[in-house]
Amino acid sequence: MDNVLLFRFEIIIAALILMLLVMSLRDFNTKVTAFLGTMNVLLLVNFLIGWLPMYTGSYFSGFFRTTDLIVFEKNILNLGILLISLTSYQWLKKSEHRLEFYFLMLSSIMGVFVMLSSGHILMLYLGVEMSTIPIAAMSNFNLDEKRSSEAGLKLILSSAFSTGIMLFGISLLYGAVGNLSFDSVIANLHPDMLTLFAFTFILAGFAFKMSIVPFHLWTADVYEGSPIAVTNFLSVISKGSVVFVFLTILYQLFGGLKDEWLYAISILSILSMTVGNLFALRQQNAKRFLAFSSIAQVGFVLVGVAGASVMGSTSVVYFILIYLLSNIAAFGVIGAMADSTGSESLQSFKGLYKSNPFYALFMVVALFSLAGVPPVAGFFGKLFLLTAGMNSKLYVLLGFAGVNLVLSLYNYLRVVKYMFIDEAVTTVPPLQRNRQLTIALVTCTIGLLIIGFIPAIYQYIDQICRM
Amino acid sequence: MNSYELSSLLIVALPLMSFAFLVLLSKQLKPRVAGIIGTLTLATTAILTFYVAAGYFFGFGMENGAYVHHIALQFQWLKFSDNLSIDLGIVLDPISVALLIVITVVSTMVHLYSLNYMHGEEYFARYYAYLSLFTFSMLGLVMAVNIFQMYIFWELVGVSSFLLIGFYFTKPSAIAAAKKAFIVTRFADLGFLIGILILSHGAKTLDFFVMIQRLTQAGSPYLAHFTATSFLGLSTLSWALLLVFAGGAGKSAMFPLHIWLPDAMEGPTPVSALIHAATMVVAGVYLVARLFPIFAISAPDALLIIAYIGAFTALFAAVIACTQTDIKRVLAYSTISQIAYMMFALGVSGWGEGQTEGFTASIFHLFTHAFFKALLFLGAGAIIHAINSNEMKDMGGLRKALPITHITFLVACLSISGIPPFSGFFSKEAILSAASHSNMLVYYVGLFTSGLTAFYMFRLYFRIFWYKPVQDHHNHEKHTWAMNSALLVLVLGAAFAGLIPFGSFVSATGSPIILPFNPSFSVVPVSFGLIGIFLAYFFFSKESDRADKTVAYFGGFYRAAYHKFYIDEIYLFITKKVIFNLIGRPAAWFDRTVVNGILINGTAVVTEAGSEAIKPMQSGKVQSYAMFFLGGVLLLVALLFIQFM
Amino acid sequence: MNASTVIFYVLGSLVLIFGAMTVFSQKIFRAAVYLLFSLISVAGLYLLWDMDFIAALQIIIYVGGIVVLIIFSIFLTQRSGEKLPPPIKKRLVWSGILTISGLGLTSWIVYNYLFSASTLPGVEPTVHNIGEQMLSYSKYGYVFPFEVINILLLAALVGSIVIAMKKKEIKPTDETTHITK
Amino acid sequence: MIVAKKELLIKSIALAGSSLQLVISVIITVLYVQLRQTGTTDQFLFQSSYVWFAPLKIYFSSGIDGISLAMILMTALVVLAGVLVSWKINKQVKEFFFLLIVLSLSAYGFFITTNLFVMFFFLELAVIPKFLLIGMWGSGRKEYSSMKLALMLMAGSALVFLGMIGLFYASGMQSWDIQDIAKLNIPIATQRVLYLLLFTGFGVFTAMFPFHTWAPDGHSSAPTAASMFLAGISMKLGAYGCLRVATYLLPGAAQELSWIFIILASIAIIYGAFATMMQKDLKYMNAYSSVSHVGFIILGIAMLTKVAITGAVMQMVSHGIMTALFFAAIGMIYDRAHTRQANELGGMLKQIPFIGTAFIISGLTSLGLPGFSGFVSEMTVFVGSWERAGIFYRGATILAAASIVVTAVYILRAIGFAIWGNITNKEFLKLKDATWSERTATVLLVVGILIIGLAPFLFVHLINLDTTTIYQKLISNVLVH
Amino acid sequence: MEQVPLSHILILSSALFFLGIYGFFSRRNMITMLMSIELILNSANINFIAFNKYLFPHQLEGVFFTMFIIVVAAAEVSLSIAIIINLYRRFNTIDIEDTTTMKY
């Protein structure tokens, strides 16, 4: 029984996948509202079950393990898919492939869970693949759109390439340590040439998934081309989960190479922040804009990672939670805009506050959170990252982080300016509202507004990170 | 607090209350009521002043045969540090009491006079408010116990002067004059302020009397480093005192800071009488007198400089006065010249036994000058009131039309020309005598100036009241009872104030001295005065071309003097051209272009350029992306290896 | 030099030569065939190292599955025998620089690295051993990844079908049975 | 009609709220003074502390000393005046007053907290409302100005935060609290870096040269209340930080490096004054003059003598009220005449005497007329600065003092052009004088100016203990190398 | 039995790896790019097998890893080809240079 509890997340997801298969046999998904409603309820149940008390430990000869932190991370991601499901309601109602969408999304999240719980590099590899391959299919889901298939292609080719490189690295690491279970790697790791070489290749593979500069170039194109729900999933779940894994990899798996990777990480961080922000500066497409913004955000995450301390991992997890809410809210609003106006251009946001004050307020909270403006939660997230980053005394990194705070503020304020200050070019009609989207947006917004004022959350993360 | 102290407090407080009252209720009160309230308050003040003065001079002021300062009130207003604080208070000593009398009397008369003169003005109540404010500030200045208190009231005086000069605030020339007066004196005050800072640091106090004590006692520890030569052969103390004097020079319109005073005549004429003749402009003299012991004992070189500046200004202003045609301007230059008299009188004075008569003479002249100059201005005001013009060419033969004005004006002219037995004679006599005892150069300049004074004053007199009568004048002394009574009161002072044995009341050390009166000495100055009067009679008693011919003879010099020796133009050049174009404009340009343009907007431009520069990276081509990927990996490997090795 | 080494070098060169021809060939169909040969040579290498099972897998999945799929897709999208458009020169230069420097670096590292071999007794990579481990969940048991990969395959299949088929209907296959847990 | 009623309700709530703030501030002041009179010598009174982020040692701890109390009073006054002046706002009323309240809350929070992180939180909280206020209700180049302001302030706050993290690490990651950090002996090398970071960062908020350029543009575009806020309170956040954080917590570096800021302050004072002289737009004029005036604050803080610090604090409060009045007067004129160009105006005193007088009073305060607050604070700064012997410090003081002449020039020019003179524009003959709300606001501010100007001893008494504490810390500093 | 030195095998795999990478960089046809990826994966497989055989014969880690890589590769290729076919329908070409509607 304990074991079953250990796999609780995975079992539920697997059950859902199975259920979807059964549903597809019965053509249940033709009853759109009922289907989507059921899915949302199930995802909510899934999310709630995640909070039940939990056993921790490892199983399957160490291939699978779980800790409080991993449980918490999975819970965050469960919340993410629930919210994404809610925000994409309108799109799914129109899409022909809503069942497949859920199927692939659940498969992907299954891969993510496998990756998070992995105790062996093989599982890590499988998890990465499993979380990516369905997304590639999903990003091609607007089957009639050129951009969508281009996005799918770019994602699958780039990701195959990056996997190839990562695998080559893993193979060399295997040669160096002899066994790829985490315990063995940690025990046998020596900082030598081959290990470093292999480490870099593996790092690049994960950096690719997190879209760290210079491995990020696929990001913007794929984000732009994919359906908004998929972009949302990519930017939030996919990226967030890899950030969690990244912590495990760097702090535990390659903790022995800390002196070496610290420097590399800080350079990657500087590059990501700067390049992401500089590109975001020139974007007019909302999704592309958020793509570059998310690249910059990862740069900030790396500042915390470079802290190489408990505070580092705490602040990173905390930040991802906030980042998840902010991005989902932003994409939710963009999706609503795109549904109503058919435009994803930032220009179409002009004068939004006058025509749709609620959407504008949701958006502004999300953007402020991304920019790190108080009292929104992103402020705390970002500052804790910086505080943690100070631990390694990488002053140049912090300096760049400071510069990029300003730069990113400009980027987000540009959108705020469109919404609040500029006059509308063409009047935005009052957007359609549906309950699901509103619930999601309200949840995100409330979350963003109060997280900073509920210290218990941070405290809890701190506590589980210390274990 | 005895009745004298209470009275002295009331002396300061009443004008302030009057000011507050009039400002707050300026709309509600009828103009006449406001004027009467102002005037009555001031009259009360004057009466209190006489009460206090009597009490001081004939009662509590004298201790051991010398007048001592009596602090009627003192409280700490702003504490800087343990030894530095701004105290506000009231001091009664001979010079302050003397000035109190001058201020309250003249001010009362001006208030009274203005009831007629300013009748019908739109902002009548405000005018009285400003007058009260000025009077309050001036009284506060005079009764200051602390050098910073003096500075505070000094500034307040400046601003009331500013407001009053700019009373006709819709007139561009009045605005310009008000600004000029304020800015020039402000510039001078900067010197005062720095002087105070130096003094405060040297003496470790801001209290006048403590400071005087610390900086005059032989062997005082505060003096040790202070009197050492520091810069250009003068000691730090001398520099400090000269900087303080700069402030005084600004207010008292000493050369080269005199340029504001003639322009200040743009204000209403009674204002000119009060502020720019009798009271405020003598603040500089009062300031030097206040610090006189320090000057005389510890920094005689500074005093000498003051003497020379005073002498030069006296002559310089007198020369210009001879050429001006606007009667108020003539009076203004005359004021400059007379104040310069007082200034050099202080300058030639010393400290030791028998050497301090200059000090007494200076204050004496201040006293008498206040009466006759106020009288002159008010007389001029009456004339202007009657014919609505300031220019001499519009005047002539006004004897009949303005009899009271004529008589009083004549008395004042005689007085300022130093003709016995009018008051000016005694004070000027004392000054010249003091100068002749210590510095002959200054004496000769003073002597010549007194001749010039007689000349230009009587030029004015003859030109207005004799010469060719003008036909057309409007207000034949109608509704002028208040103006006339003010003139009549002041004429008493102008005529008889000289008879006061001033030396027994006011002296540098406090112990009474006797001002020498020597008829044989008086012959020369008086004859200079008479020559001046004669010359004026010769040129101006009747319409003739004598004056023009003489002017033609002087040619260039006359033009230079007529244009006030182009000092204004030089100032204008420095301010408009040099400061605006060389400092102000470049500063503004630098700010917009360099600081904002390059530093701040430049950052934005660089960022945009950076964004543009890395644009090709995102080419949309997967293969290029993959190449960046591999390149990144290889560089990272190289980096790690370098780090590792 | 014995036979096995000779075979190794022969096979190794075949792998590289066919690989190079795959990469450089101007005709896409030929490229696919060269890839096939290269993969078969790799399988030969596995056989040489007594990895029979892997070699079989290589042949079955790669040769029988992947290459066939690729050839199908070539037929669907391209006329065979058509020449490929020439690569872009500038990119070739950069790819050359990057790959050659990368190869140099990698070779230098692996050549100079002293690998430490395990002294423990070996396990024969027989089908029996592999099968046993594959389904065991005790130590060295790979049942968990094995099950995970089922879902992966299913997802890939579903995705492929959705994308490649024009109609939305999917008929799930029997593979559903694998995902019970 | 309904909308109008609702707007009135919102305005009334804002008014009631800000009046309440003032009342509470006054009550706190009274309590504070009573406590001090009973001999309480704690550095901060009314201390309280709530856990916020315990693992990071972030506590919402508050405490009030004389300096912060003075700031709070000033804030309350300016906020109330700001609300009153904005009475006529009719566009997006709810948002406007909401943002104003957020601004005021951030200012209060900043002044009362003793925890650096919380302080930073409130410092940043104030940035975005300013952006929106300028952007949504502003005029002219509002987009450029608001963006520039937000970015420059953000850059400043980034520096501040880096410095604050540094202090946190210097405390061994044990505390963000000012009182705890003040007890540390931070190595001088660390101090230098942190001092420069913090002082520069806060300096940006204070519009310290050469980081002042947000001020002229920001003010010129901002609506009246926002200008009042920006110059009146927002700049003081920075100044307060320079004093309380940069100088007080890093005494060693302050002694070594304050010369840098003395130079910058002197430049700002003189150069700002000259630049002001050339401005035609009244708001630009006052903005530049603010640059010059806050130069006195920086100078006072950087001079590191007790008197100078006292003067700096006085100048903070004085400038806060004075400049708010100035902006209020300019705003009132602009609302009516629709121009702020000095040469296009004229005769305001004749047509709208109340506003004209308000302008003159603020002008006279600005040029340091005794009786108004500007004089006492400037003089205290001068006297304090003069205590620093040495040609460099003396030179800086003289330079600073010289600015009073330039100040007189530009203030009088402005008065001469805009307020005095004849009405040149026929349109101006229709202008109406101040409304009741504007009158109340003006009177409030003038009373504030007069209280400090006439009874500075009250003020000095209020902050004396605290400036002494700061000064003691500065001179008792033991350098750790 | 004399063995081939491990380093030779590794150099072989590295060469294959970079050959694949070169192909990925230079081939404009998407299907040939896929082929190049197969080469890359094979090079990793060779490494795994070689290490398992030469260095760590006590376990079958490398063998299993290779198995999984092969299976995953199959899945990846099948999806890639589906995407390419779909893309071909939209763009009517499978030249990677032509599918750049989104950039900058």
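By written order: A, B, C, D and E. Residues from 1 in each chain.
One rule holds for everything that comes next: a contact is a pair of C-beta atoms (placed from the backbone, for glycine too) under 8 Å apart; a residue touches a chain by one contact, two chains touch by 3 or more.
Note that this is a predicted model, so its numbers are computed, not measured.
Engineer: Could you let me know which interface, B-E or A-B, is made of more C-beta pairs in contact?
Structural biologist: Result: the pair with more contacts is A-B.
Engineer: Name the chain whose C-alpha centroid is farthest from the C-alpha centroid of chain E.
Structural biologist: Centre of mass proxy via C-alpha means gives B as farthest from chain E.
Engineer: Which chain lies at the heart of the structure, taking centres as C-alpha averages?
Structural biologist: Chain nearest the overall C-alpha centroid, as shown: D.
Engineer: Which chain's C-alpha centroid is most distant from that of chain C?
Structural biologist: B
Engineer: Report, in whole Å, the distance between the mean C-alpha point of chain A and the mean C-alpha point of chain C.
Structural biologist: Between these chains, centre-to-centre, one finds 30 Å.
Engineer: Centroid of chain C to centroid of chain E, CA atoms only: how many Å?
Structural biologist: That pair's centroid distance is 6 Å.
Engineer: Roughly how far is chain D from chain E, going centre to centre by Cα mean, in whole Å?
Structural biologist: Taking the mean C-alpha position of each chain, the two centres sit 65 Å apart.
Engineer: I'd like to verify one number: the distance from the centre of chain B to the centre of chain C, where each centre is the average of its C-alpha atoms, in whole angstrom.
Structural biologist: Taking the average C-alpha coordinate of chain B and of chain C, the gap between them is 101 Å.
Engineer: Check each residue of chain D and list the ones that touch at least two other chains.
Structural biologist: Residues of chain D touching two or more partner chains: there are none.
Engineer: Going by the touch rule set out above, which residues of chain B reach two or more other chains?
Structural biologist: Chain B, residues with two or more chain partners: 615, 618, 620, 622-624, 626-627, 630-631, 637.
Engineer: Among the residues of chain C, pick out those that touch two or more other chains and give their numbers.
Structural biologist: Counting only residues that touch two or more other chains, chain C contributes 91, 94-95, 98-99, 102, 105-106, 110, 113, 115-116, 118, 140, 142, 145, 149, 152, 155-156, 159-160, 163.
Engineer: Hey, which chains are touching each other here?
Structural biologist: A-B, A-C, A-D, A-E, B-C, B-D, B-E, C-E
Engineer: Which residues, counting only chain A, touch chain D once they are in their complex?
Structural biologist: Result: residues 311, 314, 368, 373-375, 379-380, 383-384, 386-387, 390-391, 398-399, 401-403, 405-406, 409-410, 413-414, 416-417, 420-422, 455, 458-459, 462 of chain A touch chain D.
Engineer: Report the residues of chain B in contact with chain A in the complex, numbered from low to high.
Structural biologist: Going through chain B, the ones touching chain A are 607-608, 610-612, 614-615, 617-618, 620, 622, 624-626, 628-633, 636-637, 639-641, 643-644.
Engineer: Within their complex, state which residues of chain E touch chain A.
Structural biologist: 10, 13, 17, 20-21, 24, 30, 33-34, 37, 40-41, 43-45, 47-48, 51, 55-56, 59, 61-62, 64-65, 68-69, 72, 75-76, 79-80, 82-84, 86-87, 90-91, 96, 99-104
Engineer: Which part of chain D faces chain B closely enough to touch in the complex?
Structural biologist: Residue positions touching the partner: 148, 152, 209-210, 212-214, 216-217, 271, 274-275, 277-279, 288, 306-307, 310, 347, 349-350, 364, 367-371, 375-376, 379-380, 382-384, 386-387, 397-398, 401-402, 404-405, 408-409, 412-413, 416, 419-422, 456-457, 460.
Engineer: Along chain A, where are the residues that touch chain C in the complex?
Structural biologist: Going through chain A, the ones touching chain C are 7, 10-11, 14, 17-18, 21, 24-25, 59-61, 63-64, 96-97, 100, 103-104, 107-108, 110-111, 114, 122-123, 126-127, 129-130, 133-134, 136-138, 140-141, 143, 152, 172, 175-176, 178, 192-194, 197.
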